[in-house]
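Chains: A, B, C and D, in written order; residue numbering restarts at 1 for each.
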């Protein structure tokens, strides 16, 4: 039996290829799906099955793309999908020695499925389970995506799915979730990727709760931001994803071409926060590559094509992959030779300073600076600078009037990455005196400066 | 200025990407054309021009494929092409510092073009010329492709193209031809890839001929086999090549599936001659990978899809590339785990012996063996075994009745590669007593055995 | 926490890199150890610890090689090692959030250690255990390596190590063994790579045995061949492995050079069984690459340097890796252009036929053929052809007189790979009438022919 | 015949592997020489000859390294080398069909050799020549390396070497020089890589000069900076290069480790100018990767080990390669997770602003800024800003007192890369008010601002 995990960095997405005796299934494929064919070819497998654990909300599923390349059959839970077929509790898929058994595990979404895995060459026991977004390492799936009023219903469902469907597979069963740490689909996913039901019963804060009411109550209290783009993804994944056929290959644009095309398009700069602060094209949006996949959907709409600014010409492919995974298929080009090309063409740049925690501390003492904390709720609640103002970066553009114009604004996140996004947004909206705090709250705390959770 | 040569092994095809200041042209692209986009991306270039030197006959040009990926404009000589635009003598294409100037150089075909290259950053001199199939290193293009009765006309044209158009570019100009050694488009292309007009004037047997009549006379005498598939390629390249969009990815087939699908399809075995001789699927055609691109068009039609036998599961991609370059787009699968999978499934194999020159010599002395030489004309004429029978492997199936049934037949080529093809064809047609001479005439001569050119 | 498994195909060896917060340990490194540095660099880790689970017998451990590259500290169980330091039960190694705790788990060898893994960011529970050769997926380590008279002692130790040390880590703990399927270190290792203590308690034939006496009795009955080379490996791994500094890079040799150097060296041909049967250099030993790592130590001594025959020039690196892992450091060259180069140089070849199960069946009915089964004991006992003679291929050269000279000898293994080795050895020792059964007993059974286990 | 060019980016160094019939020579190998073995292996060649064109001054030659790996013989011109053997005018080296003929071509250095190449399969003509640093595309080698008083002698020698040795090889001969554009070994090397003697006679400013006196006069006037490190390289290349055996693999260091190790070591930051300006470790030296190989020897001594700051953990290998090529073998580590790791650890950073040409222009008008032009002589002479002060960046630390302390200093180069080096040096020496001009004179001119060559 062959079992391969495919990790897609930006979204912390995990998909799997499982096969035996020449046939294979892919669970929750991503959209740039050549990787599955490459593995299959290497192993002498033919991909005949595509299984979805649920209607994904954080990325465009690659099911139809992969089906168009392989002729494989697509199966998913029961919902009004515009493609594929419904699989039901108890149905089994045989792939030589490997056997996948469908489990209905609603909760994260009402139609969520898990797939228990049996290796018939070792015995009839379930050796692992593809849990989708029901159970992660250290976390359970969020239940707020259908709105606050359905949390109770979904959280109850999830509790039963976990305890009546997944836990009974046995403590030794390995879990294969759809996401690792960093995903927006769960609040506190562990950065370790391997776990078992037994380990989760000991270590998973939510799975340890034996009382349904308490479980539901905690879920009800969870305040996880929901990116705006989730609805677009949900919609696309329900109707059926557009088939790309081939990855877009945006061309390099000369600084002059880029300049003239910028009007009517969004200029997305994915360089490091230090580089962006130092010099960027006026009006561009900073989303450093490290957080791009997770944050692009918060701040950019789908109505205008993108133009990209990156460090080097050859870096474009990985960026394109991450963008098409979240539905940004229209990428009209990138700036040739990056910002260096731009400046060598004599074009003007914009900039703002960065600040380190030591300087920030001094200026706070002096009283001449305003700290804007753009992290998520749970991060803010875990500890922040006394006197800072909290506006999550995804909501910043709607709350600009809460940011003072008469003082320097130091934008704070956990590291400086989202700080760059926040500071860039303020700049774009005409604020002149902004700074990005390098190192963010991480650096602040490591430098030994005070933090409050009040 | 950036100038990259892209070598495609099987057909000994050379294409080029030339660019400067963000724009690039590709000369004679191959059909699996992602390679050009990868180079362009690495160099920060946008492919805006595709130039054909002539209507290719030995492979499917990638012009339309590449245009579909880049939006580039296609240009070619004047002929009734179903796509692209005509470029004429003297027209210039500017790519930043690089400049390409069209030269009409008919001869190999009536509409053949060459493209002289100027690097304007160094001066106005022509620094090189893309010669297509007009001038190779050590050879000139064949002029017999339109039939024997047009050789005189075309050879005359070629003589003038060479001496009035290409030679005047100066001895220091570098030549960039469309083929290297091993191509069927020229008789004796050198295995060295770099040359200049000056060097060719000294070393090229044909270019050294100053007398047109003698040049034409030699061309008239040239007997180069013309693969059957050339006409299909010419036709496709005239009308416009089908756009693939993506490389076919044939699936692995279990031995049983393979067996049941073989009917109505062609089983092509590309393993080494030793492996094929030892054990192969009855009825399969042996074309070792080393000669596949050049010989597949001689012996396989386009009417039936292919099934492939190779050594390892992962080798398929390179084979697919070579096949689609010559128009075999329908590849329905390959045998999973190769012949080892087949034999482990308990399925029967066929075989024939190989023989080395020493054994062949002994058996010739004993008089019990018939030598069938399947090489090309020019090879046969350069030297063969006294008493051998010559039938070029591409013509073998039409001359089976000239091969005796009452004696062992030792199939001879230059190395054993085409011998495998020949022996396999005889086997397929029911001959039971065939052998492949390993080492071929190369080994025979090195072993010190007699050769005649009578 | 980062945990990477490094799989080395030929020996089915598994090693691991585990790290956190900039520091990493490698467990049971292989000798070509650049791979660990590459992973460490990618992850920003510094390798500071090397842990051995036991004195390996089937390969040369890479501990000293890796220590010479990184300055890492080497630790192993208590034995008179000529290098490194002893680690004892309960000692802990901290690598940021990751913690490794040493467990004394004797049995496979007296000094065997396991290392329990804790991810302190999730909790104090043991999440996995590096079991070395104590516990595999589906199997336990062999206990016969110190001789038959110590099996009882070692098997008892192993029983307690498993049940008192490893099982108590909990059913949810993941096991990370030192070998996968195909290793000579365990009789029936599963071809699945992931498992847990819970799963093994359900599925592992040996771990399910709750009674020590029965466990020991079965171990006492196990007849697993012990490769001759194990003693050399044990000796080297005790004293300290020679540091290579760099992988050997044997040069290509012209056929004439190869021919003249063959005297005093061993010619090892790693091509496929079909290719070897068809044509090989007289006197060469066939060990197809697929079984090379496991079988080379059975048939080749360490006293003479090797010369290699492979399919293509570029394939040498992977072969060199596999050879140095088992101590064949002296590789004086390989045949340029493989056997094709040899035959094109006019040099003679030797050959023998292959046979498929159908033909074998016919000839057995005719009564003119002797079947020599060269598989391992356990394979023979599981089923063979009635009337066949069993000599394990590793013992064949000492039992040549049991192979008849007056009849064709069909050499049988499970697939044809070791059959090639066996047939080649017979050839080398002057037997003229040998055949290799393609597909082996696998093909025979699939073809529906009778098998007996008597 | 096989001829491969190996390009080493930073130093714009070109080396060559030429081979035929199983044997190969490498001309002017670089020190990280595995690349030659990889090519040789791919092509079935054994490297038996290493040829040096001259005692290199800009990098450590890989001759001894490669010889230690292959056993190849090293040859060079006549000088008191501590290794290898002398080759003399007219000596020939046969490599199957390829033949190399030694030409004594003194001038760049007194012992310089060129190697004419004959492809005996095409004819006896010289097809190309490895010219070392005698003749480049568009330039000739500098003749000032032995001091101003020997220029006349060496320039005369070079004139004769060019016209009596190289030009007579014929206009069609291809030139294979040791450097491309960007090298410090010639003043104006073209950025095109392919040329011929014929083309150079038309296009090469220096080769076109038919009068020796004028040639020498121009050479005498050439003012090319000579990096300080050249003498170290020359010395090492004379005595014999230390053999590394293996590339150094510096470990990642935590911010705290890095901080504590920085004392007594040099901190080299190779990030982009924008990133460095925005935030860097106080006291570090900025040499952006793009100019690192060429400029490191100007500003860093060999007495202290290096610590590196780069963007990502995995980028280290390419940097190490470039550093060891110029003799910086002691690299004690790099900052884990780059500057992001540093700031997340709460450590302080230093910074300075960048400025674009438009802002610079405004501030020049306002009169409050001092422009320091750190480019090379020839660049300065070709055009600069009126009123700017010229100090070449390599001499900056010796002329600090010429830089005013009372005004902001805008450091200007051609693009911003060396400006980062210059601004960083000023910062390191305590200047507080420095700026780097992004886009440099390139951007200034493109923006349409005035330039003077007075």
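Definition applied: a residue touches a chain if its C-beta (ideal position, glycine included) is under 8 Å from a C-beta of that chain, and two chains touch if they have at least 3 such contacts.
Since this is a predicted model, take the numbers as computed values, not measurements.
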Chain pair, A-B or B-D, that carries the greater number of C-beta contacts: B-D
Chain whose average C-alpha position is farthest from subunit A's own: B
Centre-to-centre distance between subunit D and subunit B (centres being mean Cα positions), rounded to whole Å: 42
Separation of subunit A from subunit D, taking each centre as the mean of its C-alpha atoms, in whole Å: 43
Subunit A-subunit B separation of Cα centroids, rounded to whole Å: 48
Contacts with 2+ other chains: residues of subunit D: none
Sites on subunit A touched by subunit C in the complex: 1, 3, 119, 121-123, 125, 127-128, 137-138, 170-174, 190-203
List of subunit B residues in touch with subunit A within their complex: 21-22, 37, 40-46, 69-70, 245-246, 249, 251-254, 313-314, 316-317, 336-337, 341
Footprint of subunit C on subunit B - complex, ascending: 271-275, 277-279, 311, 339-340, 342-349, 351, 353-354, 356-359, 415-416, 438-440, 442-448
